[in-house]
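A quick write-up on the structure given underneath.
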C-alpha cells in the first residue's frame, strides 16, 4: 500500500535519505527501525508531502499523497504530537481536524474516548498537557478519519505501560482488518511484538528488510538462545564440543546459536531440556549488528 | 562510595559549589542574542538598515548639493534605531517564552530577577554597540562627503553623543518593559508601535481639545519629555517631566512585568 | 518477504468515492482557528473594544467641548483602531501556522497548499468586512447619541460609494499585512515591516520628495499608503486609481506572489 521508490533527500551536501525503496503491505504492521538521525522521520515526511524529495518518490495506494482527495480519510498521520498550537484545547484540536475532513463532532467524542482522554482533560489547553496526553491526542488525530493507512512516528513515545499495550492491540487489530501500518520506534522489544515486517535503516540507507522470522533466522551469526537442561554441565560440554560458545545465564545457559541447533545437539546427546527459547534481544542483537557502522556508540 | 553516601545521610554537599556569577549570566544571554538565525538577522538588519539609510542620505545630499554635518548623519541613524532597538529589547525577552526556552533558563538559574537583569544589561550592551556602529558609519559617510564636496562639517558635540546614547538606551528599555509586561512578541511589538507613532498624535489632539489635558500631557508624554535630553535643558521641570513620564512608561510596566515573571508558571 | 519489485501487485487505494475537501469547509475551519485560541480571541475582542473605545472618547470629548462632528468623523477614527489591528490579524492568520508548527497538520490534511492559503485569505477578507460592519454600526450609534446630547444637528454624510471605498480601504490594509506575512513567514518580522511601512515610510517618502525633484513625481506611484488616502473620503480620480494599482502591485501583489511561491515550496517543519 505504501511504496517508496529510490527516495533520496539531500540537505546541501548531506544526504539524509539515500536511495531508499520499500513496500508496506496492507494487513501487515511494518516497523521502521534505525539509530537516531538515520532518516526515518525524513522518509515519513516525504511520504506525506511535507518535505519535497530530492529524487525518487513515495506513493500511498498508488497515489502521490498530494493527489489523494481529503487525505485525512485515507491516511492517518502522526509525526510530532507536540506540533500543535499550545493555546488550543485538546478537544478543539480534534474538532478542527474533524471539520476539515467533514466529520461530525460526535467522531471527536468517540476518538477522545478511544484514547482514554476524559472530557475534563479534553478541555485543557495543549500547553498544559503531559507528554503522554499529547501523544494520545496525536494518535486520536491520526485515527480521526478512520483511515486505511497509518503512518506513525514513534507512537509509543511517552505512553504508559497500559497505553503501550492498548496501542499494540489497536495496531494489530487495524492490520488484521486489512489496514496498512507503518511505525517507527526505538523500542525494539515493542516493535518485535507488533511488527510483521521490518525495515532497518542506517545513515539514510536500508540495511535490511523483510519479515521478522526471516530476518532473525537469516542472521544466524547473531542468533542467541536461552536453554535450561536437567544437567546444564552435560549440555554445555556437548555444545562446546561442537565449537558453540556457551555462557552461564541465571538458572540455565546462554548459547550463541539458533534454537534449532541447540535442540539438535540436545537430541543427539539425549539431553533432557526443561526450557528452550530464543534469547530476548534477538532483534536487539540483529539491530546492533546491522547498524554497527552507523551507531553513535561503539557496540561491545 | 555507597558507604560514603550513607555516612553523609544523603545530603548533597553544596559547600564547594559557588552560585552562578552575574557576569556569566550576562555572557550567556549575550550569546543567546545572536546565536539563532532570527537573532542574528535582527542584529544584522539593524546594521544594514543604518548603513543603507546613510548611503542614501549621502547620495541625496551630494547629488542635490545640500550641506550636511556629522550630527545630521547621526540623527538619521538615531531615527532608525529608535524603533529597531526596542524591537531588539522586546525579542531579547519574549523569545524565551515563544520558544519555551525559559524552562531551561530558569531551571539553570532559579534566581529569576538576575536572569532578567542580565537580559536588560545585554540589551543595553547591544544598544551601545549599535550607537558605536552608527557613529562610525556616520563618520565614514561624512568623510566621503568631504572628499566629494571638498569640505565636511564635523559638528557633533559630546552632548549630542550622550543624548544619542541615552535616548537609545531609553528606547530599548521601553521595548523591554512592554515585553516584560506582555510576554508575547506580536502583542509587545504592536503596543510599542502604537505607543511610538499613534500616541503622540492622540496626545496632541487631546491637548488641543481638552484644556486640562494640555497641562497633564508633559507629565505623561515620555517621548516629548526626552527632548530635554537632546537640548540639555536647564529647566528643572523638564527633567521632572522626564522622570515622571519615565516612571509611567518604563518603571510601572517593568515592575509589573517582573512581578509577573517571578510568579509565572514557566511552560 | 515483500520486495520493492512487486509494485504491480501492490493494492491501490480506492479514492474514487472520496470527494476532495470542499473550499467552503477549509474556509470554515480556518475561520474557527482565528478565535479558538486565547491569543486569537483576545486579538479579535481587543480590536472591537479599541474601535468602540476610540469612538466613545471622541464622542465624550466632542460633547464636552462642543465640537461639531459628522458621521464620517466617527468613521475616520477607525484609523486608530481597525486600520491598525486588521493587518495584524492578517499577519497572524498566516504566521501562527508557522510559529506554532500547526502547518504540519494543516498541510497533511490538505496538501493542496494554495487552497489553504486562499481559504486563509478569504477568512481575512471576511473578518475585514465584519470589522467594517461593526465600525459602521458603532459610528451610527455614536452619531445618534451625539445628536441627542449636542447642540449641533446630526449630520449623515454617508453614501454607498463612500461605504464601499471604506470597505476596500480596510480589506486592502488586511491584505497588505497578509502579503508581508507570506513574504516573511514570521510574526515579529512581518509586524515590524508593516509598522515601518505604515508609519516610517511616509515620513521618509516625504523627505525624499521635498529634497529630490524627480522623486516627487515618482512618489505617488510607489507610495501605497498615500495612494489609499482618497479612499477614505471616496474622492478617487482616474489618476488616483492608476497610482493605487501601480503602488498596490509593488506592495501587495509582488510580496504575495513571492510569499506564495515560498510557501508552496517550503519544507514544513
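Going in written order, the chains are labelled A, B and C, and every chain counts its residues from 1.
Operating definition for what follows: a residue touches a chain if its C-beta (ideal position, glycine included) is under 8 Å from a C-beta of that chain, and two chains touch if they have at least 3 such contacts.
All of these numbers come straight from a predicted model, not from anything done at the bench.
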Most centrally placed chain - per-chain CA mean versus overall CA mean: C
Chain pair, most C-beta pairs within the contact cut-off: A-C
Whole-Å separation of chain centres (CA-atom averages), chain B against chain C: 29
Centre-of-Cα separation between chain C and chain A, whole angstrom: 46
Cα-centroid distance, chain A relative to chain B, in whole angstrom: 51
Touching two or more other chains - residue numbers and ranges from chain A: 86
Where chain C touches two or more other chains at once, by residue number: 39
In the complex with chain B, residue positions of chain C that touch it: 39, 61, 64-65, 67, 80, 84-85, 88, 91-92, 99, 186-188, 191-192, 195-196, 199-200, 208, 211-212
Residues on chain C engaged by chain A in the complex (per definition of touch): 1-4, 6-7, 10-15, 18-22, 25-26, 28-29, 32-33, 36-40, 96, 100-102, 104-105, 107-112, 265, 267-269
Complex contacts: residues of chain A adjacent to chain C: 1, 3-5, 21-26, 28, 45, 48-52, 60-63, 65-66, 68-74, 77, 79-80, 82-89, 92, 95-97, 99-102, 125, 141, 148-149, 197, 209-211, 214
Residue ranges of chain B touching chain C (in the complex, touch as defined): 38, 60, 63-64, 66, 83, 87, 90-91, 98, 184-186, 189-190, 193-194, 196-198, 202, 206, 209-210
